[in-house]
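Note that chain A is present in both complexes that follow, paired respectively with chain B and with chain C.
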Partner chain A sequence: MLDLELVSKFILSNITVHIPKGISVGLIGASGAGKTTFLKLACGLLSPERGNVYTFGKNPVENRSLLGKKMGCLLEKAPLFHGERSVLDNFRELQMVHRMPETEFLKEYRRLAECFDIGKQERELVKNLSFGQRRRAELVAVLLHRPELLLLDEPTTGLDETAKTVLREILQERIQDGMTVVMTSHELQEVSRICQRIMVLKQGTQMYYGEEAALLRQYAPMDCMRLKLSGRLPDLEDLPVKQYTLSGEELKLRYNSNHVTAAEILEHVLRQTSVQEITIKKPDLAEVIRNLELQEKWEDRQS
Partner chain B sequence: MENCMDVMHLIGVYTKTIMKSWFQYKVDAVLRSLAVFLRESTGIIVVYFTLLKFDTLNGWNVYEMLFLFSLLFVTYGILILFFTGLRDFGHTVRSGGFDRFILRPRGLLFQIIFVNADWFAAIGHGGLGITLFLVSAAKVGIVWSFDKVVYYLLAIFGGVLIQGAVFLFLATLNIYLLETGSLKELFYWNARKFAGYPVSIFHRAIQIGMIYIVPFAFVNYFPAQFLLRKEDMAAYPELFLYLTPVLGIVLYLLAYLFWRYSLKFYKSSGN
Partner chain C sequence: MKRMLAPYLAFAKKSFLNKSAYRFDHFMGILNTLLKIFIFWCIYRTLYGARTEVDGITMAMVTTNFVLSIGLDALFSVNDYYLPDRIGNGSIATELLLPVSFQGRMLFENLGNTLFKLFFHFLPAVVVSALTVGILPPAGAGSFMMFVVSALFGYGVLWSVSYLLQMFSFWLINMWSLITIKNVFINVLSGSMIPLWFMPDWMAPVLKVLPFSSIYFTPVQIYLGQLTSQEILGKCLIQLGWIAVLYLCGNFLWEKGKKKLVVQGG
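Moving on to the complex of A and B:
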């Protein structure tokens, strides 16, 4: 579906990735890491300085018009609408641009407009919409023609919790139907909920591409376990626990999940004492980003 | 056939939405068109009263001059209906609108041409052009035969394409330079100011510019000469009288090839 071979462009350097059909990928990284550049390369708005990009097996720059039918792109600086025209006029134009038959258009448009609650604004000029309203209308626009590949740059910006849930549900449904999604977002919880794979970019370098669980094991392996003890303090000498603190009856343990499992710790503790409550907190993608930023600062200081 | 119908339908949708958006405030639409008409008329009125003080300008009387102006305004009135998108292309690139066109499964130039049309300029300029034509055509001694009507229509067609080629060429430069407002001012609007007068009155360097560089002389001077046969035409080859439609097509094709070649160098906005 989408292949990059040793691609370099602007800050991006030697990116190699294969994204198969029906997979959702979240691009994460600090601002300026090259996420939007990646999306623009994928849709053919930019040509690589080195390497090759293949979208649907074709060079996207040379086949922009052809691929436009199969793609939906929401990019920060490429407005989807004419501000001086009404929302509905803009959708009618999209219907013609994508050659959608009337019945198919009405079916999709009505369903999406209801989901994203834009029906009341369809007669409004786009320039008069609030940012959130415009964003919801834009999401309808990129989903309308049922693209096979959806490229989304910060799609949740400006959305309330209800709209975020709607977006997530629609994307999950479409992904099940075989749509491929590549999205960037600073809302890492949303990325984690929607995407099956994660690609981490750090200053244009591809740090990781794969499943989230493996990413967390690699870059944020420290889990946290809280135990409310009802017996004596257990001896933890034999366990590879990184850090532990005792506050009243609560024992807090931080450990590397690659070295010891929660089950092993519990078994060890329960052999010595009794426990009333157990809470385990796994790290999330935000911690991956924090760790990478810390690592970057440390490397900067070293150099 | 189906494709052709589809394209016509899309043009229809674009035209309908353009009309709706330009004329959503009807009184304002009339006033704005009138404002363009009056703004452009001011220059003509100054020329008119100035020329009344003289008999002729290098052999051209006041009505022949108005006829010359009429060609300029009529061609621009038609031009702007089709080439507003190219006139405003710099803004389209900078605002990210061009990225939107690129990502749609339709021809780029087709979208740029049909997605917008400055109706106020079209009515203002075109209306003034028609008015000048009606005022002058009966008084310049043209006997309107079938051949001359056909020639006139072809000259309008060629004149629109020549200016369209200049717009397209300047629009293409936006891909490299992002902003070409001053180039447009220099090569289109300033050249157009000269074009209101018979090219023969100017210094040789300006004549070369008007004939060979930005060939406005073929938009109105040579077509007017074909119909009026003034004495100052002796300074130029007879062939020039017939070149306007051909030159329009050739220049537009050249500009189109330059456009196609340049697209691969386009860097998306925001980069």
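Moving on to the complex of A and C:
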């Protein structure tokens, strides 16, 4: 579906990735890491300085219009609507552009408009919409023609929690139907919920591409376990625990999940004492980004 | 073919209908055209004074030139900011990703406007002018038919001039000055302000190497029966030649501009 072979462009350097059909990929990284550049390369709005990009097996720059029917792109600084026209007018224009039959258009439009709650604003001029309303309408616009590949740049910006849930549900449904999604977002929780694979970019370099669980093991392996003890303090000397602190009856342990599992720790503790409550906090994507930033600062200081 | 053309015809229909929504603007447009014709008629009426003709050109011919060329000017309302606006607000990126030809859309949206103006601007303005300041009838049925064909080609030349010029917006931030200069050239050298009969002799070679006289003056000459069949054919071929040259140059810049966008990122 989407292949990049040793692609370099602006900050991006030697990116190689294969995204198969029906897979959702979340691009994460600090601001300026090259996420939007990646999306623009994928849709053919940028040509690579080195390497090759294939979207649907074709060079997207040379086949941009041809691929337009199969793609939906929501990019920052690339407005989808004419501000002086009504919301519905803009959708009608998309119907023409994508040559959608009336029944198919009405079916899709009504469903999406209801989900994203834009029905009340359809007669309003786009320029009069709030940012959130506009974003919801834009999401309807990119989903309307049922694209096979959806490229989303910060799609959750301006959305309230209800709209985020709607977006997540629709994307999950479409992904099940075979749609491929590549999205960037600073809302890592949303990325984690929607995307099956994660690609981490750090200053244009591809740090990781694969499943989230493996990413966390690699870049944020430190789990945190809190135990409310009802007995004596156990001896933890034999365990490969990174750090432990005792505050009242609560014992807090930080450990590398690649070296020791929660089950092993619990078994060890329960052999020596009794426990009233257990809480395990796994790291999330935010921690991956934090760790990468810390690593970057450390590398800067070293150099 | 029909399926391929469908979105473009829909664009034309849409812009036709959109145009009809702004009634006040529309009536003001007709009034503006009539005022322009009347002002030019008054100026030339005064210049002619008691004379019936100047260098073989009668006042009726001059009036006919104004009514037709100012009428056609109102009819051919090309949007010079179609591309500059899209480059300015960034929506060119969205447009490039749509599965339709940008140029095709640009042309058909304009054709929709033009069709609306033909029925509800050009024809009423010409009828009112004919009843007030008066215009000469066409030299014959054949002349009238060829006038229509030549006017169509004139529209093509004007659209292509605008198309070529708009392509510079890939490199220029402000297009206003360039567009203003183009409009001055069109006003002066197309015959809509000063009938080209009255241009000094030294201007003739200049006019020949520029496309502007092909826009309004060629159709007017055909309408008045001033050209032989062979000359009509020659002039129409020149019009087609200009359309081809301007469009190809515009396309060359379009490709260069798109390349600039994908290489530099806008």
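In this text, the second predicted complex is superposed on the first by the 303 of 303 C-alpha atoms of A that agree within 3 Å, B and C clash if a C-alpha of one lies under 4 Å from a C-alpha of the other, contacts with A are read in each partner's own complex, and residues count from 1 in each chain.
Here is the rule we use: a contact is a pair of C-beta atoms (placed from the backbone, for glycine too) under 8 Å apart; a residue touches a chain by one contact, two chains touch by 3 or more.
As the structure is a computational prediction, the values presented were derived from the model and not from experiment.
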| item | value |
| --- | --- |
| Fit-or-clash call for chain B and chain C when the two complexes are aligned on chain A | clash |
| Contacts of A:M225 with chain B and chain C, given as first, second, both or neither | neither |
| First, second, both or neither for A:L129, with chain B first and chain C second | neither |
| First, second, both or neither for A:L46, with chain B first and chain C second | both |
| First, second, both or neither for A:V269, with chain B first and chain C second | neither |
| Which superposed partner A:F10 touches (first chain B, second chain C, both, neither) | both |
| Partner chain in contact with A:I175 - chain B first, chain C second, else both or neither | neither |
| Doubly contacted chain A residues - partners chain C and chain B | 10, 37, 40, 43-47, 61, 64-69, 71, 73, 75, 77-80, 82, 92-93, 96-99 |
| Chain A residues within the chain C interface of the complex | 10, 37, 40, 43-47, 61, 64-69, 71, 73, 75, 77-80, 82, 92-93, 96-99 |
| Chain B contact footprint on chain A (complex, rising order) | 10, 36-37, 40, 43-47, 61, 64-69, 71, 73, 75-80, 82, 84-86, 89, 92-93, 96-99 |
| Chain A-touching residues of chain B, taken from the complex the two chains share | 6, 9-10, 13-14, 17, 20-21, 95-97, 99-100, 102-108, 115, 264, 267-271 |
| Touching residues (chain side chain C, partner chain A) in the complex | 3, 6-7, 10-11, 14, 89-91, 93-94, 96-101, 259, 261-263, 265 |
